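Sharing a structure, written as structure tokens. Questions coming.
In order of appearance the chains are A, B and C, and numbering begins at 1 in each one.
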Amino acid sequence: MTTLEQVRKRAEADAKTYGYYLTPQPELLQGFLEGLKINEDRYGYPLCPCRLTSGKFEYDRDIICPCDYRDPDVAEYGACYCRLYVNKEVYESKNLPEVPERRPLEKQGRAYGIDAAKQAPPQGTQEKPPTPAPATTQAEKAKTEVKKKLWYCKQCGYVVFREDPPYICPICKAKKEMFAEVESKIEFNG
Amino acid sequence: MTTLEQVRKRAEADAKTYGYYLTPQPELLQGFLEGLKINEDRYGYPLCPCRLTSGKFEYDRDIICPCDYRDPDVAEYGACYCRLYVNKEVYESKNLPEVPERRPLEKQGRAYGIDAAKQAPPQGTQEKPPTPAPATTQAEKAKTEVKKKLWYCKQCGYVVFREDPPYICPICKAKKEMFAEVESKIEFNG
Amino acid sequence: MTTLEQVRKRAEADAKTYGYYLTPQPELLQGFLEGLKINEDRYGYPLCPCRLTSGKFEYDRDIICPCDYRDPDVAEYGACYCRLYVNKEVYESKNLPEVPERRPLEKQGRAYGIDAAKQAPPQGTQEKPPTPAPATTQAEKAKTEVKKKLWYCKQCGYVVFREDPPYICPICKAKKEMFAEVESKIEFNG
């Protein structure tokens, strides 16, 4: 089982790698780290403590901390959605900004089994119980199946195997649009 | 359209990730950021503001900021070719070093449609208009076509999909020579 | 040939990327850097100065500095096995912790040609000559052949081509257990 100390060290190490800071509010920080530990013990991965789980790894993948949205959020707002990771300015000012949910409605809808076009996105906290997913037919299942592809950053060549490319290339900071699919070709002569 | 503020934040975030600083001269910094913004608006990618574009993404790829040469240049000279990215020592001394062009002549020649062996490399700035590429025959085109391969760092396993490996592995800092091609093998039984 | 200055700059740059520090003891630091330079000149790669070489790149790969074990060691003990890389706390306290050898016995056994189950792991320094590997039969060779696979981090999609996944994902800090093999599928229609 992961200890709270390990969770804290991992978050600190990751913050340093990216030049970030952990939230300047000690009580908040303690709460986030405990939330991450609880989620890791419960689900096997440190799910974002500010969002609901779908109960399916493939649908939660983008909101495992550090989530897919942290880097663009810190770049744009100075903090991630949770305000666990912040930039230097926010850290020193201690004024936590409002950070809107960047997670696409389609992913929220898929995760929570709702029609994103009709309903408002769930605004969960770890205290609230996850919305149970309604029974899905085989056809619906196939429709929402997660297909991974090999993507590469056209700028620096960084390769990832994911459903879709990251918002920002972690190596060269290029935007999502700079990613393309690695296509392989097999030729037969005869 | 990318705002100047977004360009500045992206450069700052990238500098922090790698332990670099942005140039200590405020007017230079402003000029670089504006140059990057202009290039991104014009070409769709933040081309190095100190080099000429070829007009072809595939030929410019290595000089999109942060360019392929930044990391070896900061390691060797304390600053990149532009002196946009500098190390702590240079940042504090405010003495910008001379940094020679590390971009191989072949790539310059290919980009600008000149024979690198015969002519001096162009020393461009964004103000100068790009040298128009002369008409190329089909044969010449095929000859200069950019072929990407899957490379891996033999030290840490980092994988990239590029024409050739990076100068330095961004993960473990191994040199270019430590990269090899990922070879795939398909076996048939019958 | 790599200069001592290049070795020092590479280590400093890598420490900064990950938010680490180099050992606070100047004599130790000098010794490590010289050891790394000697190893790089001798073997072609900067083998860990605190461990023995097997003489085979494939068997030494995990102990090329920065070794595979550095990141989990700094996370858990505040320093790598050598104590070349340390965290801020250790750097400021100047108290170097004891760091046990995390390298698996199987890899030590394979590298030094000993049966890991029967013998104690070698505790080498660069001064000691490497244990000569006993003659191996063709069958034994095949058994210990290093097979590389394409792995990806299920959390962030990071891809590596290695014998086994890294201890910690260098991009999102997920644990080894979050890595899975990239499986490719080729379909024929006819």
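As a working rule, contacts are C-beta pairs under 8 Å (C-beta built on N, C-alpha and C of every residue); 3 or more make two chains touch, one makes a residue touch a chain.
What you are looking at is a predicted structure, and each value in this text was computed from that prediction instead of being measured.
Rounded to the nearest 5, the angle that brings the Cα atoms of chain A onto chain C is 120°. Residues touching across the chain A and chain B pair largely diverge in numbering: under half of the numbers involved belong to both copies. Between chain A and chain B the centroid-to-centroid distance comes to 29 Å (mean Cα coordinates, whole Å). Shown for chain B are the residues that touch two or more other chains, namely 17, 159, 184, 186. By the touch criterion stated above, chain B contacts chain C in their complex at residues 17-19, 71, 74-76, 152, 154-159, 171-174, 178, 182, 184, 186. Taken together, the chain B residues at the contact with chain A in this complex read 6, 9-10, 13-17, 45, 57, 61, 64, 66, 68, 148, 150-151, 159-162, 166, 170, 184, 186.
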